[in-house]
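Accompanying notes for the structure given below.
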Amino acid sequence: MNPSPGDKGNLLEVRGLRTWFPIRAGILQRVTGQIRAVDGIELNVRRGETLALVGESGCGKSTLGYSLLRLIESQEGEVLFNGQDLCSVPPDELKDLRRKLQIVFQDPMAALNPRSRVRDSIAEGMECFGIGNNDAERTQRVAELMERVGLDPRQMDRYPHEFSGGQRQRICVVRALAVEPEFIVLDESVSALDVSIQAQMLNLLQGLQEEFGLTYLFITHDLGVVRYIADRVAVMYLGQIVEEGSADQIFESPRHPYTRILLSAVPSVNPDERTRPLRVQGEVPSPSNPPSGCRFHPRCPDAIERCSLEMPELETRPEGGVRCILAPE
Amino acid sequence: MTQPLLELKDLETSFPSSAETVSGRASVVEGVTLSIDAGEVLALVGESGCGKSVTALSILRLIPKPGRIERGEILLEGRDLRTLSIPEMRKVRGNQIAMIFQEPMTSLNPVVRVGDQVVEAIRLHEKVSRKAALARTLELFEKVSMPDAKARLRAFPHELSGGLKQRVMIAMALSSHPKLLIADEPTTALDVTVQAQTLELLRDLRQEMDMAVLLITHDLGVVNQLADRVAVMYAGKVVETGTREDVFRQARHPYTKSLLRSMPALAKPQEPLYEIAGSVPVPGEWPAGCRFVTRCEEGDDFCGEEPAPRRRLSHSHACWCHRVEGVQDES
Amino acid sequence: MLIQAHVISNYVVAALVVGVLLLGIGILRSRLWRRSLGTLVKRRPIALGIVFLYILIALLDSVSWVGGTHMGSRGSEGADLVSLQEPQSVIDRFFPRDFQEEGYAHPFSSTHFYTDKALRYPGRHILGTDINGRDVFHLSLSGARIALLVGGLTSLIVIPIALFFGICAGYFGGRVDDAVFYILSTLASIPNILLLIVLVQAMGKGTLQVCIALGITSWVGFCRLARGESLKLRELDFVRSARALGASETRIIFRHILPNLMHLVLITFVLLFSGLVLSEATLSFLGIGIDESWGQMVDLARLELARDPVVYWNFFGAFAALFGMILPVNMLGDTLRDILDPRTLSEDS
Amino acid sequence: MISWRTFLGLAGACAALLACSNDPYPARDAQQKILYSSFSSAPRTLDPAVAYSVVDHMVTGNVYDTLLEYHFLKRPYQLIPGLAMEVPEAEILEDGRARYRFSLREEILFQEDPCFTHFHPGTKTRRVTAHDMVFSLQRIADPKVNSPISSTLIRILGFAEFGKRLQQMRDESEAFAALPVHGQYEEAGGIEGVRASGDLDLEIVLDSAYPQLLYWFAMPFTTPLPWEAVVYYDGNEGRNAFEEHPVGTGPFILSTYDKYARIVFDRNPNWYGALHPEWQAPGATYPSEGEAGDGEAGLLDPEYVGRPLPLIDRIEFRMEKEDIPSFAKFLQGYYDASGVIQESFNMVVQEDNLSDEMVELGVDLVKSVSPDIYYLGFNMDDPVVGHKAGERGRKLRQAMSLMVDTEGYTERFANKRGIPAQSLLPPGLFGFDESYRNPYRQVDLAHAKRLMEEAGYPGGIDPNTGRAIRLTFDTPDPSAQGRARYQFFVDSWRKLGVDVEIAATNYNQFQEKVGNGAYQLFMWGWVADYPDPENFLFLLHGPNGRTASGGPNTANFNHARYSELFLQMKDMPNSPERALLIDEMLKILEVERPWIELFHRENYALYHHWLANVKPVGLSFSTLKYRDLDAPLRARWREDHNHPIRWPLFLVVLLFAAMMVRGVQTYLEERQ
Amino acid sequence: MIAYIVRRLLHGVGIVLGVLGLLFILFFTVTSPEGMATKALGEKAPPEAIAQWVTNHGYDRPLFWNPESWSDTLLVDHYYSMLSFDFGRSDADDRPIMDRIKQGAKPSLYLTVPLFFIGLFLSLSGAMLVAFFRGTFIDKAGLVVSVLAMSIPTMVYIIAGQYILGKVLLWFPISGFDRDPTMVWKFLMLPVIVGMIESLGGGVRFYRTVFLEESNRDYVRTARAKGCGELQLMTHHVLGNAMIPLLTQVVVAIPHLFLGALLTESFFGIPGLGAAMVEAIHGNDFSTLRALVFIGCLLFIVAQIVTDIAYTVVDPRVRLK
């Protein structure tokens, strides 16, 4: 989907974001190392677009998502939302900003309080931010939103376990929508769903984006979904963005070897294609002790000596960039 | 016609259900009839809860209590596994039919070294010394391309990554040259790159060892990569069987068709995805007739009344649908 | 003039009944709890009935007033004059005021056990009488009140405290957690029974003292549980999303953490209850229990079992009353654990 | 395989069960002349200067001989010479002081012990001299020893001064404190009134005549002690402590002292009775005369008369905390004698005689009354029940006294084993009048109610509060058993309308209450130390008040006339004048009612027919040296009466096997 | 690994200090030295002797703060004496407490060690049996019996055991003890059997839950799928994995053992620490009680530390570097 003109500006800019987790050991539990889950991320999310964040498990994409919303505190860097740095706002202002940024998690069962009625779960954000004057008004809005996502508002007094997986995920979406956010992090939000339900969900998300002018950060490992939904794609490897670009560019002409490998590994559904994927060596190294130089070089089929020595910079071009010294122009 | 390696006839497996039924039980798998020839890969596809895993577990009679097999035959080379005694059944498991599971993280015993777990599998079916078994294990580890195989023999499961654990599982399954490997969602929990490696490994191994594979998955991509034949399941019943080409190119059952159409990978980004309305009904609340009738665009009232018959479309292709024209089987 | 103890006790009982009723209404209004309750009723109707009977007896025995009538009193010469001045409970009033013989009497007997003297109330002691001639059935019924007091009061003290500290420690972590954890480990390092003995020895005998001692020893386990559970819950997605929705910490605790601990509270309450009553019995065996509890009755009666001819009814009465309560409570606890297991909530239905 | 292991384990367990018997003693001891007895709590100390409880004396009495002893058979109790040649008479000196001279037997040896070898190499024992007696008495005066009778002997000249001097010198000089104790005593100059006038002659001088003194010389407190033992056994360097390792002159030596499980005595070959049977010393031969009825009871069997003691080779005491198992073991023949436990009383005794069942088992019964008194006391310092309440209080006490039915109490809690007490003097003591009936100790509800009215508490109602008068019954026994017992009294008083509340606290808190005078009613008992009325009457002597002075007068009773009479009476020899004084004292108590006297215990002792020479004693002195037993008879009897019943074991195994088989069946069915 | 052990030990030391503080508060704010003295010297002891005893024992010193010398307080004394295992003398019989502990330790071990191991073995076997037959009538009966058995107070077991096995069937001596190793087993049979039966109910129920939980895990299914028999499954796979909850339960059982020993020893006349404790309770012998409680806590703390270290052995996942 093309962003509407005049909306070109960045809604969210991430500058050098770093979220490390200390490793404690020894008698005194001193910090002996750091898990570099998010390690110097630069990322722009444009208003109204869907940016997909792709990577394998453990690459730090969920941590990045949480860091953006300050559900996890970062050590360094800025997250500029509408120009305001989320990382340094005082707690009382943060509350107002939070309303603009929401998140939908992967497992809808874990994301809903099993002992809260659906209505209460949805209305919680509204109560917290004082949206709606009274309960009745809020209930009204809950009903409207539920209707909008294809849920029966009469079921709002039910508990999460009384819904199917797909319905639960819709409830999660409604809950996020209820506070009128501008930006939603979708953390593997459709990955756990069956194909038929996934399709419903993706359609719904697209519809909502159009209707409410939302911006999505779509975190996933499923490249098939990315191809379908994303405007732009950022590929993450070991806490860093290795390639960023428009969806077309990434899928048509990936520039980073890791991106190429990732794409080739997706088993195709096309009965004509039964290709052998590109070989990749070894396993993902530990984020507490990342390799020197380019983080991908120990597994890279194209690596040369220089790769192990210097860490390539991410190109900063408006249409995206790549973090590889060998990347073709 | 040669005898198939494994034949399921009218298999029905039930679990206790909270739904209001007469017996308090609901059949999760009903009337499943399938066959696998030696050396063939049959993929059993369906969404979660459609009964594909239960079918697989029923074959090995590993249905956890209080579930039980209600009726049907499970013929392995003509011998009905349901009539075997427990010790006899034990000889089939892991020996003639081996199985690997979805979650390599939890499927290995966390307190036993992986090498020993494979050794145990070998020695359960063959009277060999521990040492010999260990040597065999090393061979197997090399066969499944386990990097640094020798050192890995002494590793504990938690010291291995998911992909390597799945390789251990595969090595364990292959330890006694089974005729049939049941792979229950073998790659679902793995990352794409590791999935690709694992699929490749499976493909190579089955050619090399000439074994049949019953591949259980919900991922059509995986099916496309590995399967010779495909059986699509919906709500406890098989709705369509055929070769890979049959199913992917000429799917006839409305469910199969909509499944393929709702794949985002096959869709064009600008168009809305095809949606199957509603969700899979819960076991025990399945419609009396064709089970897809509640979500089917093509169905009518009649479909809901009577179970759909098997319609043969070609020698390899069959479909259970009232709406599909074809040769109805005599049964 | 000071308000008399029994009046206060009556008010407490009234408050308790109202509280329980309100709680009951609250439970019935929540479909989740109602469903669990329904399952419980369906699976353990007899146990529930017995427990309710016990509670009823205990409550009736807690409501008392001075004066009024007893059933079938004769007011013979030499009767207890003091009892005229003393509050008598509802249960007491089911028995004649001078329902006391002069020593052992066999159940339903019309003469004393040893002396063959005629009883004051021949044939009316359905569980016989004890060494002082008191009616064992009456004593056993009164034991229910003590048991309820021991189990109920202690749990009521323990659970809120344990919850408070457990949640604080688990949810906020850091220094609070360190401090609470230290206290917990210290208390947990003193074997329960030893701590109990020491506490009772230190504070002296008495109902309240024993309850406090039991409370101090039993809050540790539950506090640990609550702490562990809050620690787990804190990391769950729904707590995260509540935070993303701008919910305050108090709100998260009260809306998300606490309700998800309630099933533990209930299970703990039930299992704690029987544990406490049994603990009190053990204390009684060591001579530091509560007067007129079942434990004390059993302790007293164990010697009578060795009497020849055997005096079994005291032991039987007390043991049956104790066992009759513990067994259904334990069964309910067991069943509750199955029913309230959160996994049953996450299953599709 | 688990089933294999289970099976093996089960088989092993069954084998062990089959091999087991209930005989608690090694088989080799079956034919030995060993007397088996039990004790229920560990002795506190075996230091004769400190040991003051029945259990302590049970041990020390066998090991430590005293200068004087009580006659085994004669009643009232009569002193006979033990280590002393004869029982001395008091000599009144010119200034009113009294002197007692003891002369010890020659050639008395201590038991063999390493402590002698340590100080006198080459010897294992040594002779007893009067200096050992001096040393022993000095120890009692030593404040460090903390002897409970130090204040009783204070009338010995220079006794208290010696203690003070000793303490002072210890505080002042470290060198002194480092000396061995006997050196310290010598340095401190000894006790003025205790002197060894010859090697075997002991002189004791008191400030005035004190006839009861001789009784103290029949108690283990005043046994001769070798200083070697006291110095050597200091508990250091692996040596025992003296309070665990007695070294005495008695008929037995303590050979095993495992005080929480087993105490064993063996014959002492050095005992003077064993070394010098030719002396025919009264304490070392079986007596030839006794009180009336002893002959019929078989206690004067010619077989025994004049025979040197002891008659048995070994005594084994086993710890038995609980009465019931202990009694069961007696019935199985594993103890030779036993008391009658309350629980089994009705099985053992029927209509005051042994039941047929017991007779069949060959068990004999001996009854006796012990010189003690159990009573309920009022705290006379209390404003409601005590002196301050004047006439009202007295009437209240009288009324309450009239309500307590001792017979009812003993019937319920002691199987009527107790003689209702009319006064505080037990039978057998001088001054006891069998015909005396205390008017306030007969149950009389009408009279009691009348007294209550006169006291101003009609129907028990205190006019000040309009409610029943409330008293607190303080008890140091919080157990259920205790409560049931106290409840008896409470129930009787409730009939008067007196609301008595039991305040059961633990012992320490009770002590504190008593110390503060914060108690109203209590129950206590007193057992005679020696058979003299003084030992009872002093319990209510004013200056002995518990709260004021910590003395034995727990009721804090203070009555001028009574105290005056007591001082007159206490040192008098038994005479009609003394009887008159005692009578008047008892009359005062009768009216004043500081106590509600309950009962004197009546002891029922059971023993198997193979045991001979059992005569109960109320005072705590040991008579085990007189006992005899027939070991082969006992061995046969035990064998006949202890055939284990095995079939339930097989039944259990069978049941288990059946269940397993059925289980496996079901399992297989379910799995198909 | 070493760092972990050291840290665990330090934590243990902290706990010990905390326990001691608690004991101080509990014991020293409640006692009356005169009461103890009377207990030690006998009811008939005169006041002078009692005063002397109190001074001799140092109970007349200040509790927390002594202006003359900071170390001359009961608090310092308490910590010092407990930590140096110099427990002083009993309030009841004025004998060194350490002697009592030394004397009592062996009989206690004689009783508790076999009781512990046999009990554990039987509980585990019973639980395995029940878990093995899960769903069948043995399982259901086992569960009901367990709950039933748990609802009966300890005392009742002891009385019944003594009566049935000792008095009626004449299998064992009803009570008593003998330090002679050839005799002692005879006296231990009955208390061990009774203790075992008593602990069986709770044990079976708990371990059954553990085993069932483990047998629902995926690796069990894997083992079945490779042809593993049920017995081998239970003993080889399930038991190994159940070790962690098992270990925890074993530690939890230690104080329970203590309690069992408390009543058992006292009723069977075994002169162990449990009996000493009961004696101390009944005799209000606070100094002995304090020492015994401290020893009990110490043992428990050590057991906890050992368990934590044992976890690393049993479970490779917790094995630390």
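Should a chain be cited, it is by its letter among A, B, C, D and E, assigned in written order, with residues numbered from 1 in that chain.
To be clear about the criterion, a residue touches a chain if its C-beta (ideal position, glycine included) is under 8 Å from a C-beta of that chain, and two chains touch if they have at least 3 such contacts.
All of these numbers come straight from a predicted model, not from anything done at the bench.
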>> Counting C-beta pairs in contact, which two chains come out on top?
In response: D-E
> Chain with the smallest distance from its CA centroid to the overall CA centroid?
Replying inline: E
>> As a test of understanding: of all chains, whose mean C-alpha position lies farthest from that of chain A?
In response: D
> What whole-number Å value describes the gap between the mean CA coordinates of chain C and chain D?
Replying inline: 43
>> What's the distance between the Cα centroids of chain B and chain C, rounded to whole Å?
In response: 54
> When the centre of a chain is set as the mean of its C-alpha atoms, what distance in Å lies between chain B and chain D?
Replying inline: 86
> Can you list the chain E residues in contact with two or more other chains?
Replying inline: 30, 135, 284, 286
> For chain B, what residues touch not just one other chain but two or more?
Replying inline: 65
>> Where in chain D do residues touch at least two different other chains?
In response: 324, 506, 509, 670
> Within the complex, which stretch of chain A touches chain C?
Replying inline: 66, 69, 71, 95, 98-99, 101-103, 105-107, 109-116, 120-121, 124-125, 128-129, 157-159, 161-162, 164-165, 172, 175-176, 179
> Which part of chain C faces chain D closely enough to touch in the complex?
Replying inline: 77-83, 85-86, 100, 102-103, 114-115, 130-133, 201, 204-205, 284, 287-289, 291, 296-297, 299-300, 303-304, 306-309
> Once bound in the complex, which stretches of chain A touch chain B?
Replying inline: 1, 56-57, 164-167, 194-200, 202-203, 206, 221, 223-225, 227-229, 247, 261-262, 264-271, 273-274, 276-277, 280, 282-284
> Once bound in the complex, which stretches of chain B touch chain A?
Replying inline: 47-48, 147, 161, 163-164, 191-197, 199-200, 218-222, 224-225, 244-245, 248-249, 258-260, 262-267, 269-270, 272-276, 279-280
>> List the residues on chain C that touch chain E in their complex, please.
In response: 182-183, 185-187, 189-195, 197-199, 201-204, 274, 278, 281-282, 285-288, 295, 298-299, 302, 305, 319, 322-323, 326-327, 330-331, 334
